[in-house]
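First chain written, first letter: the chains are A, B, C, D, E and F, and each begins at residue 1.
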Amino acid sequence: MKKNYVDSLVTGSDFDDFFLMKSMAVRTGSNQKKYIDMILGDKTGDVSAKKWDASEAEIDELESFGDNAIIKVRASVTEWQGKHQLKVSRFRQAKADDDFDVEEFIRTAPENGSDMYDYIMGEIALIRDEELRRVCTVLMERNREKLMYYPAASKNHHALMSGLLFHMKRMLKMGKKACEVYTNLDPDWVVTGVVIHDMEKINEILSNQWGISPGYSFEGQMLGHIAQGVKMIDRLAQELGIGEEKAVMLEHMILTHHYEPEFGSPKRPMFPEAELLHYLDIFDARLFDMEEAISAVPPGEFSEKVWTLENRRVYKPTFVK
Amino acid sequence: MKKNYVDSLVTGSDFDDFFLMKSMAVRTGSNQKKYIDMILGDKTGDVSAKKWDASEAEIDELESFGDNAIIKVRASVTEWQGKHQLKVSRFRQAKADDDFDVEEFIRTAPENGSDMYDYIMGEIALIRDEELRRVCTVLMERNREKLMYYPAASKNHHALMSGLLFHMKRMLKMGKKACEVYTNLDPDWVVTGVVIHDMEKINEILSNQWGISPGYSFEGQMLGHIAQGVKMIDRLAQELGIGEEKAVMLEHMILTHHYEPEFGSPKRPMFPEAELLHYLDIFDARLFDMEEAISAVPPGEFSEKVWTLENRRVYKPTFVK
Amino acid sequence: MKKNYVDSLVTGSDFDDFFLMKSMAVRTGSNQKKYIDMILGDKTGDVSAKKWDASEAEIDELESFGDNAIIKVRASVTEWQGKHQLKVSRFRQAKADDDFDVEEFIRTAPENGSDMYDYIMGEIALIRDEELRRVCTVLMERNREKLMYYPAASKNHHALMSGLLFHMKRMLKMGKKACEVYTNLDPDWVVTGVVIHDMEKINEILSNQWGISPGYSFEGQMLGHIAQGVKMIDRLAQELGIGEEKAVMLEHMILTHHYEPEFGSPKRPMFPEAELLHYLDIFDARLFDMEEAISAVPPGEFSEKVWTLENRRVYKPTFVK
Amino acid sequence: MKKNYVDSLVTGSDFDDFFLMKSMAVRTGSNQKKYIDMILGDKTGDVSAKKWDASEAEIDELESFGDNAIIKVRASVTEWQGKHQLKVSRFRQAKADDDFDVEEFIRTAPENGSDMYDYIMGEIALIRDEELRRVCTVLMERNREKLMYYPAASKNHHALMSGLLFHMKRMLKMGKKACEVYTNLDPDWVVTGVVIHDMEKINEILSNQWGISPGYSFEGQMLGHIAQGVKMIDRLAQELGIGEEKAVMLEHMILTHHYEPEFGSPKRPMFPEAELLHYLDIFDARLFDMEEAISAVPPGEFSEKVWTLENRRVYKPTFVK
Amino acid sequence: MKKNYVDSLVTGSDFDDFFLMKSMAVRTGSNQKKYIDMILGDKTGDVSAKKWDASEAEIDELESFGDNAIIKVRASVTEWQGKHQLKVSRFRQAKADDDFDVEEFIRTAPENGSDMYDYIMGEIALIRDEELRRVCTVLMERNREKLMYYPAASKNHHALMSGLLFHMKRMLKMGKKACEVYTNLDPDWVVTGVVIHDMEKINEILSNQWGISPGYSFEGQMLGHIAQGVKMIDRLAQELGIGEEKAVMLEHMILTHHYEPEFGSPKRPMFPEAELLHYLDIFDARLFDMEEAISAVPPGEFSEKVWTLENRRVYKPTFVK
Amino acid sequence: MKKNYVDSLVTGSDFDDFFLMKSMAVRTGSNQKKYIDMILGDKTGDVSAKKWDASEAEIDELESFGDNAIIKVRASVTEWQGKHQLKVSRFRQAKADDDFDVEEFIRTAPENGSDMYDYIMGEIALIRDEELRRVCTVLMERNREKLMYYPAASKNHHALMSGLLFHMKRMLKMGKKACEVYTNLDPDWVVTGVVIHDMEKINEILSNQWGISPGYSFEGQMLGHIAQGVKMIDRLAQELGIGEEKAVMLEHMILTHHYEPEFGSPKRPMFPEAELLHYLDIFDARLFDMEEAISAVPPGEFSEKVWTLENRRVYKPTFVK
């Protein structure tokens, strides 16, 4: 089990432990010898690590692990310009039977991917409109594998493993509640809107199996998940024989869910369930960022400025539970 | 009981019926005689009405009724430049025992004022924090009389009798639901935020007993309900001995609930319950406007452009219940 | 042949002549008799016309003509509140063998629809990339009938019969010229971009056979021609087996051709031919509006303020040819 | 007396002299020994200073001095990466009888705090309206101690010791002059507006006795000096029995003095003296920043870009006195 | 002397009196006879007037008076659609020896043109820099005649006879006062900035001898008084042999005095006197509009919304002198 | 001939070669000896270079070369913090007969200055309007020497030697083509607009003979090339006796060619040739930046974000020639 974490390294100590290798590069030192410059990380942060005087064999081996491999290193902790640095003497890739838990390395949603998937499928089963139910079911089933680990963003809100499912689940719960208060809202459309609205993030951003995104896909760069989502519904509606009115309304929900032109929505919502969808989306993102911002703040203090919250600080009251 | 409504007048017909006199003015006709020019209304719209050759006694009498009196008129329906017009021969003020219902003349909230008041008081009673509970209780009790009829705006969203209570009640229900999904939210602060956020509208806008607002008060013009609300909490916190942290947080909720500087909030919310308060507020207003916009639209068609919805049209699907 | 035009009516004169009936409504006069209130128009403007004391037969007949019929009226010219008005005594619908030219009633592109269509097809034939050539050819052929009369907008720039073809042709000519100067540009992509960019206006706006648009289609309201165009290319690429890179680049051209988020483009162009497409589009529109604004202005004077040109006035020099 | 200033250190020289210790931190060197890393400053700038191989006693002693202590150091000047650095061998806290002047370390207003206070009180004594005079007098007297050293901002304009009084005095002089030109303006309201407008900066920002601000108070973060000022006047008006009209007008002056929503004023001024207040405020700030920007610039040259002046450069003419 | 004013006409009365003929048009009545449709005005407002059954001689005569002539009419007061209207039986142009005062018809500055001109020249004489003094003197003398009556705007602030001189004089007084407070400011540059900043309004807008502007000149439309002013200084500097630094600084003052790009200044002020110039200008305009807005408002009430004040209402306190 | 380029240095190698000395500074090392710190560059990039233990003679010599001298150095390649660095042992200034080509050091336009100048003069000769032809001819001839090397900007688009001529030539070619499509456009005005629009960049920005700009001139900072251009035309029109209408239209073209107030144009174009001028200008700049961004990008990939393209990435297709 992992015992040494980035945020509690002690200068001068030695250990063998597991880290996620976030990046590596080969450089030449002032002694004209090659060394390997790595960023190692775990859920508490990142640290620079060096394998000095690296042999070609060591370089080849490390490169073969690929991005975001979990590796075991033997290292001693030094200090450079006021920051910790690891001096690595040995390393090997982690094995299936090593004793570690992936959540020690990466940020994951607080709930299990399968459970969230099942929850959402349960709500979909309650949709009375058969066409909408089929749209949701087909989309969920076809994307099941990726949904298990996809983040909801390449960075910022919900940029965590299974973050997309977590975002969908919270919105879905809140959407159902809204239908109990605003009884004119049709829960079929609310549930469907939540299920489809960000589904094309799976094709807009790239992600490895730890939910870590290196950036955008070709189509994601060129079109974005909103235009991709409109196309996706158009194809699916043709395939499933959904009528024009419903298909266009679903596309409209995707098109408008960012609400403001400068955030990517060329039109604003034109029916109440589309309006709600936007507010479910933005509120879930805002609240996630706020909770994250104050998670490590002591009671009675403000967080640092948070970029995704327009540089607000967030306050944690003294009397918080 | 009222039988003749503005939106279904028939040219050439005569009747005796009740209308709300929305305005009156005395003018001189081309025959050099005075006549009374009135706007009469009911819940279906407004119509111009003339009492030709008006005597001083008639003028005095009508003026004595005051603004927004309900009057009974004997009138015949004529047409002028393509619009209906009433030619009034007799009028009198409505009496307590006349057989009419105020809701035939004015737009009222769909629920009874007392019931909504009691509902909100019931939720307040569930607040665990004693200080917050007292703040809410005192505010509700002191403003009870006005809350019974106050609209939530001088025009646009919730500009109807008891509209302010209706706005509060829907937000409060939705806020409680949100706490079930986002369990880090403290329902005490959510309920309190809803109760206080618009309370000073009572002192910002003017309203007669039918919830019809002629405009803004002096203080409302000069400060607005946000600054007024900050002052109100400051005084109340001093009176009730609320500590600085809670008082400032309550003032912050009021200060930030419009979210954007250009809508009157100089700061954005800095804790999650204040963030939620904004979204409860804006969503309730938007949904109200949307429902109103499509209420008279046939299925499969769009409403007119709605100013409060950034000139959007709202769509009513063909399959709506 | 038409001899009496709206902009040169003489009070007191009588005539028989043809007009486009832009709208009609039945009203009741102060004498309690019905009359028909029409807007008649030709290429020089609109005039109010009345058929007093209209019989039910006359009303039924006029209604049967439908919107935007060309009718022949016998009328005398009167004046009402400083404006001309026609007093109509007789009317009938225009017949195929009547001696008039549709261009006397409506604004049409300065070139013939078929000729412009053929010109564009000629340029398409020169596209070397077979896939792009097929995309263009199929789109043109399938939309041939509507292209003959469709305007490029429901109002403002190019809101004239065959205006869409005219807009395409001028952009296409200019685009080819640009490729001669900026030789890195690929003319295949420039031509294709021009052909596809506004094609879905045909499904966004409604139009009768005179190129007069009563407004937007259901899908046009909900999605707009940019999102519709992305869908259209997606379907067509599937049908024709166009590869992903090209299909996405075509969709990107449509998505970005309005350039600014507030004008409907959620992304900006990411390759040079897409960049050019935007400038071809906006310059053609601006120039059209400018030429129209000064067409009736005497040399040495400014036009009225033009809304589509951000309320600029346009100047016609004294030395203009 | 202080002789060695940060902007004129000579590499290789040694001295004993006084500096303001702006920050300190304990670090571990590459030799695994602790050292103290300080920022020392005087009115001419800041310099990095190191006490190598620091004992626990030395660390404890330095920490006991607290932030922004004035200390005497024995040091030699070295160079590191092109910048001067002090190598400190000894240090002690400054004593009351040491021969130095606080203005050698910090930026102070060009006038004495007491004198400016007296000047303002003199102007207040001339207010004819008894209620306004009392408001001003009470506010000045209650805040006398803090006014002596408070800056007008935590950084940027007037961020100097006694800067708030200096800002008030200049505005007040200019405001009185304005009343001589615009004779409809009531000097009572102009003087009062100046006195109250920024008074709550004392409770919005934090400051030590040298007028150096570490940031914002809790209430300052949550509400800001504008909302705090409205509350302050509300309480004071209640205490002093000021009538509603005047109290609301005073609150309005505070509420509107930043003029633009994005700078914190939800309303714009609604009477002339409030309008003037804004211009007095902004002009004094702008001019202060301009004068500061060119103070060290040679004639005929431009300053660096100034952030508070929207990144303008400021020009000093060649012929300046 | 004029006795009958537009704002106090009595239906049914008759009189002979003087009015400013603001516009006239010849129309054909329903009786096929021509009539003259005029707008007559005085300093209290405008009224529609008709000369029915006008002879060709009468039409010719009226047209010969030209725009904005002062005429004497014999008229009776009638009412049309709730508004007064004059029925004119006779008219003649006012003569030099008629007993009336031009200020009864048009809005004029509260001070005499010659006196204001002399005042400004007096201040110019005090400029110590000989080059600046010559610039100002030459500009004033060359524009003397037009300055006597030019308004400072074609509408809105200072749109009154001699309004430009009045604007300059108030700014100049205020500018001199500012130099007493901000002693680093050079009064030579402040006075010169005021004198030159709007001088080209004389060539930007058109004006008759009553200071009534029909709109913009050709050059004013195409360039605006800011660019015109830069050119004017450039020519004058060449003529007078002013050195480059001073000439460019003067041009910079003109270029930047509107401060914001959207109000016509492509750069912001880069030296203190240019900064002051902007605030002198904007404050004088704002205060003028505020005073005008409340001039007719009773104490304790708000004005109508004022467009030039961003739709603010202005408040007149109950205790105002 | 130059053989060693910055982008392909090999650690440990030695050579004698030519570089452009972009900057130099004298510093004191930790050994208390002086050394020279240089930035050397060629067309492939920049590299830090040190001449350690520099004698006063060496320092004086290097300083005498002036900015942006081409020097020959004997150097060995070392590495410092992961970057190459040159250790210089000898240096001398390049001589006229040295074997190198200036284009190896600096970025130059792809065409020869003289050829482009002649091309533009050839187009000017075709202008039929004699006055416009003289304006263009005089401007070109008087600025011939500077045009040979001036860049079109101090950084970003066309910041290369002879960049201004290149920008003019491409716009001119495109402008002529546009006149073939939009036949209402007058080529005389299009050509003239292109020639004059940026001519004052020669007096706005500074440049050495390699087209490298150290920044802005005094007049450039204070006025900018738009206001400078208006003045320049005004003077030239006086000198050449150009009539007011044409002179003002030329000034208007300069004034409006940036189109948006925030980019320096206080007015928008008011005639078609001025409208075109803006689009010629912006499109040429955009395309230049796009081509540059993708010049080094492999097919099928995106460039880095480009600041001058609003942080877009640019895509190079896989099928590009």
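Here is the rule we go by: a contact is a pair of C-beta atoms (placed from the backbone, for glycine too) under 8 Å apart; a residue touches a chain by one contact, two chains touch by 3 or more.
Because the structure is predicted, anything quoted here is derived from the model rather than measured.
Any chain bridging chain B and chain F, meaning touching each of them, is among A, C, D, E; the list is complete.
Chains that touch both chain A and chain F are the following: C, D. Traced through touching neighbours, the fewest hops from chain D to chain E number 1. Taking each chain's centre as the mean of its C-alpha atoms, chain C lies 44 Å from chain E. With centres defined as mean CA coordinates, chain E is found 63 Å away from chain A.
Across the assembly, chain E contributes residues 221-222, 245, 249, 270, 302, 313, 315 that each touch 2 or more other chains. Contact annotation for chain pairs lists A-B, A-C, A-D, A-F, B-C, B-D, B-E, C-E, C-F, D-E, D-F, E-F, with touch applied as defined. Only residues 170, 173-174, 177-178, 180-182, 184, 186, 245, 249, 268-272, 275-276, 279, 282-283, 286-287, 290-291, 294, 300, 302, 309-310, 312-321 of chain A touch chain B when the two sit together in their complex.
By the touch criterion stated above, chain B contacts chain C in their complex at residues 11-12, 78-80, 82, 302, 313, 315. The residues of chain B lying in touch with chain E in their complex are 27-30, 32, 221-222.
Residues 218-219, 221-224, 226-227, 230-231, 234-235, 238, 244-245, 248-249, 251-252, 255, 261-262, 264-267, 270 of chain A touch chain C in their complex.
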